Every structure is written in C-alpha cells, then in structure tokens.
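Shared chain: chain A. Partners: chain B in the first complex, chain C in the second.
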Partner chain A sequence: MGPTTGGRTRLSGMQKQVLSLYRGFLRASRSKSPEDRRQIESFVSAEFRRNSKQVDHKNFIYIEYLLRRGKKQLEQLNSPDTVGLSSMNVTFSETENPKN
Partner chain B sequence: MAASTNSLISMQSRPGMISLVEISWELRVIPVILLLKDSILVVVLSCPLFLLLMILRSLCLDPYYQAASRICSLKPVSLSNQGRSFLSFGLRSMPAHRLRVSCAAKPETVEKVCEIVKKQLALAEGTPVTGESKFSALGADSLDTVEIVMGLEEAFGISVEEESAQSIATVQDAADLIEKLVEKKD
Partner chain C sequence: MALRAAVLRHVRVAVQTRGLESNPWFTSGSIRLMSSHDDHLTKEEVADRVLSVIKSFPKVDPSRVTPEVHFQKDLGLDSLDNVEIVMALEEEFKLEIPDKEADKIDSCNLAIEYIHNHPLSS
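Let's look at the complex of A and B:
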C-alpha cells in the first residue's frame, strides 16, 4: 500500500497487517460459491484500493481502526453461515458510512 | 537500637565482672552485624541467582552464550550463500540478487507464472513478461502482488507462507519459490 513501489521495499508492520488482512479475505472467499466469490473479490479489492487512495498514510489511528473492523468482518465472512453476497453487502455498506 | 539491646542484655545477665565482659563482647559484635546486615542479605539473596546462571550456562542455555553461538553459526551460512549467488552470477551473467537461491526454476514454470501475472494484472497482449520482470515495473502495487501470489497458489495447488510471499519481487522469484514448494509437496 502507499509508497511501496517494489516488492523488495521494506514494508511497515501496519502495511504487512493490511496485506495479511487482504490475503485473509481472498482466502476466505475461496470457500464460497464461484458467483459469490467473484463478487466478494471485486468488492474487497475495490474497498482496499479505495481506502489506500483516500486514507492518509500517516493517519495510523484510523488505519488501525479499519484493520480492527476488517478483522471482525473477516471473522464473520469465515463462518460457514455467511454464504456471501447478501451478508457481504451488509458488511461493507457499513464501511462506507463513517467515511462520508 | 544498640541502647535497647544493651538494656535487654543487662536485664538478662546478673551483675558482676563476667557478665560485664560478656556485654562488652556482645556490644562489639552487634553493631558490626547491624552494619553488615544489608550486604550479607544481598550476598545471600544473590547466591541462588548465580547458581541458576551457572546451571543455565552448563546447559548451554545462557542467553549471552546463545547469542554468541547464533552469530557464529550465521556467519558461515551467509558466506556460503554469497558464494553461491556469486557462482550463478558468473555462469548466467544475471544481475546478482541478495539471497538468491541458485536452483533455477524450469522454463515451463516461468512461462506459466508469466501467463498468470499477465492475466492478473490485465496487461496488454504485447507486453513482454520474462523471468526478470519486476512486478513493480509491470505496474503492480502490493495489493496486486498479494493477488498474484494467491492466483499462483491456486494454479499450482500450493500454499505460500506470508513471509516468503512478501519477499517475492520478480517472476523468477515466484517461479523459484513455486518449484521449491511443489517439490516439498510431492
């Protein structure tokens, strides 16, 4: 995220956490049906990219908050009860509220 | 303190020359004990600590010893690594990478990785992607790199750990890592 342009550049701990969360979401989406999966992936990808552009890279408190929330959402997504699409929409429509 | 002990002793002892000598002897010893009380306490209390340290050292668990041995064992490893990368540098005239492992991946693997990278980054058909292509040079950010690694995991049926996933910078890196993991799986 942010200023990292090459794979070899040192990532900060927080950047690693963000990437790890992203990886977790992509992994979680594998267990869903192909249709849901495609939708989840595009949604998650759009969300991460949007935040990486909009959020100030020095605003650590807000990034930490987003990380915590993302982890909770990932837990929800990981539970087999979450079948994907509908609950994903609920999860992420909440995400947009505090931003605007 | 000394006065109170004095009265205590004089109360216990009968009046007379002998008891007076006894008192003066005890009076001389007690202040010394009181003075040395703190240092004796320190010595007594630190004895178990020293013992523990000695036991640890005899078991090679001494933290200082361990740190030293780690440094010693690291040295030859890094040396041999350097030598190896130097060898591959001389033979294949490739840019020397830090910590490059000399087991080069098969061309098929590299080809497959290139295809997946192209698909994942939605590159134009004519874009040249070779083993030496850097993901960052192809316009991938760190999120794209994560996506690429996840795509590779699925394509090859492997699981890449996070630490190694973050050290991948080029197509060649990815191909080498995949070969290693596929080998481990079989």
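Let's look at the complex of A and C:
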C-alpha cells in the first residue's frame, strides 16, 4: 500500500485519509457483536488490501471516490438503524471490479 | 459532649505532633503526588505488554520481535497492519490514540514511548 517498503516515509494526505477510514471501520466494529466484529474486520481488511493492489495510487479521482463511498458506508455502520452486514456486502459487490 | 470534645482535642493534637515525616499515609501520598510516573506503569511493564501484543499479531513472526523493530521495515507489515497494531495496543492499555499520533507510531520504540508517557495508560 503505497511506499510501505521504504523507511520512515511521510504519509501523503490521501494515505492518511485512507488509514483514517480504515481505523474508523475498526473502531466501529468494536461496538458490534464478536461475530459481526470478526466479519466486518475480515471484510474491510480484504477490501482495502484488494483496492490497494488493484487501484493505481496516482488515480486520485477514483481513490477519492472510494474514500467518499467508504465514509458513507461507515456512517451507515455507525448508525443505530443499520440492520446487518448482508446489505453492506451487496453494496460492495455491486460496485466491485473497477476494470479501468 | 465533653467526651467528644476531649476526643477531638486529642485527635487534633495527634495530627499536630505527628507531622509529615511520621505519618505514612501523608509521606507516601504527597511524594506520590509530586512525582511524575511512580504510581504509573513502569517502562518495563509497558515494554513487556507492548511486545506481547505485537508477538500475538497473526501476521508477525514472534521471533523477530525486539523492542527496536519497525513494524513495516522489519516485520514486513503494511500500513493497514500498522493501524491494526496500534488499535490492539489501544485495547491493551485502555487508551484512545488520536489519528495524528497513531500515524506516527510505526515502531516498537515509539509505541512504548507513547504509551509510557500517556497519563491514562493502564
């Protein structure tokens, strides 16, 4: 994910946003049931890493789109009205495979 | 009434004559309050627990963990793993670490330093 192989690199503003979003999901998952928490963490982890591999790190426009979308999904996760994880899965898979 | 007054008088006198040196509660209490970290976690204790958390991280090879390791440079983790480690440390020490600080913690040393200096670590 970006220049993680180097030494102490300064994170770009965009990288910080991505990490902040990731952190947000992990924080949100803490308040769920242990089973839900495992599911969320596993899913979010896979998703972020997949995007990191597949998306060109210079494709700022797409990354910004993913960040916006992720923030909305996080808001839903944090909202008390969220019913469960299945709806989240559907959302993700619908917009999967950014074959540019 | 008279008895009470006598007792109170006695107590007052007792406090006056004892002073700070001989009252163990006061001695340890005041010195404790003046010092910075004595009643806090020792650096050793923090280090032990930090190392333990990192060693239990699934993607980490425990034999490579030393107090000097960098999470990404030495342990082959990525920045997302770094986030996960810092969050695991938050849970271990019952802290909430703000993003700005969390982004800087990318090695064992920095983690130990930060946690040891944090007034609320437990």
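The rule we apply is simple: the second predicted complex is superposed on the first by the 91 of 100 C-alpha atoms of A that agree within 3 Å, B and C clash if a C-alpha of one lies under 4 Å from a C-alpha of the other, contacts with A are read in each partner's own complex, and residues count from 1 in each chain.
Rule of thumb we're sticking to: a residue touches a chain if its C-beta (ideal position, glycine included) is under 8 Å from a C-beta of that chain, and two chains touch if they have at least 3 such contacts.
From a predicted model like this one, the values you see are computed outputs, not experimental measurements.
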**Request:** Check whether A:His57 is in contact with chain B, with chain C, with both or with neither, and answer first, second, both or neither.
**Result:** neither
**Prompt:** Once the shared chain is lined up, is A:Arg49 touching chain B (first), chain C (second), both, or neither of them?
**Reply:** both
**Request:** Would you sort A:Arg68 into first (chain B), second (chain C), both or neither based on which partner it touches?
**Result:** neither
**Message:** According to the stated criteria, A:Arg23 is in contact with first (chain B), second (chain C), both, or neither; which is it?
**Reply:** both
**Item:** chain A positions touched by chain B in one structure and by chain C in the second
**Value:** 1, 4-5, 7-8, 11, 15-16, 19-20, 22-23, 26-27, 45, 48-49, 52
**Message:** So in the complex, the part of chain A that touches chain C is made up of which residues?
**Reply:** 1-2, 4-5, 7-8, 11, 15-16, 19-20, 22-23, 26-27, 45, 48-49, 52
**Touching residues on chain A, where the partner in the complex is chain B** = 1, 4-8, 11, 15-16, 19-20, 22-23, 26-27, 30, 45, 48-49, 52
**Message:** Give the list of chain B residues in touch with chain A in this complex.
**Reply:** 134-136, 141-143, 145-147, 149-150, 154, 162, 165-170, 173
**Complete:** Seen from chain C, its contact residues with chain A in the complex are 70, 72-73, 78-80, 82-84, 87, 99, 102-103, 106
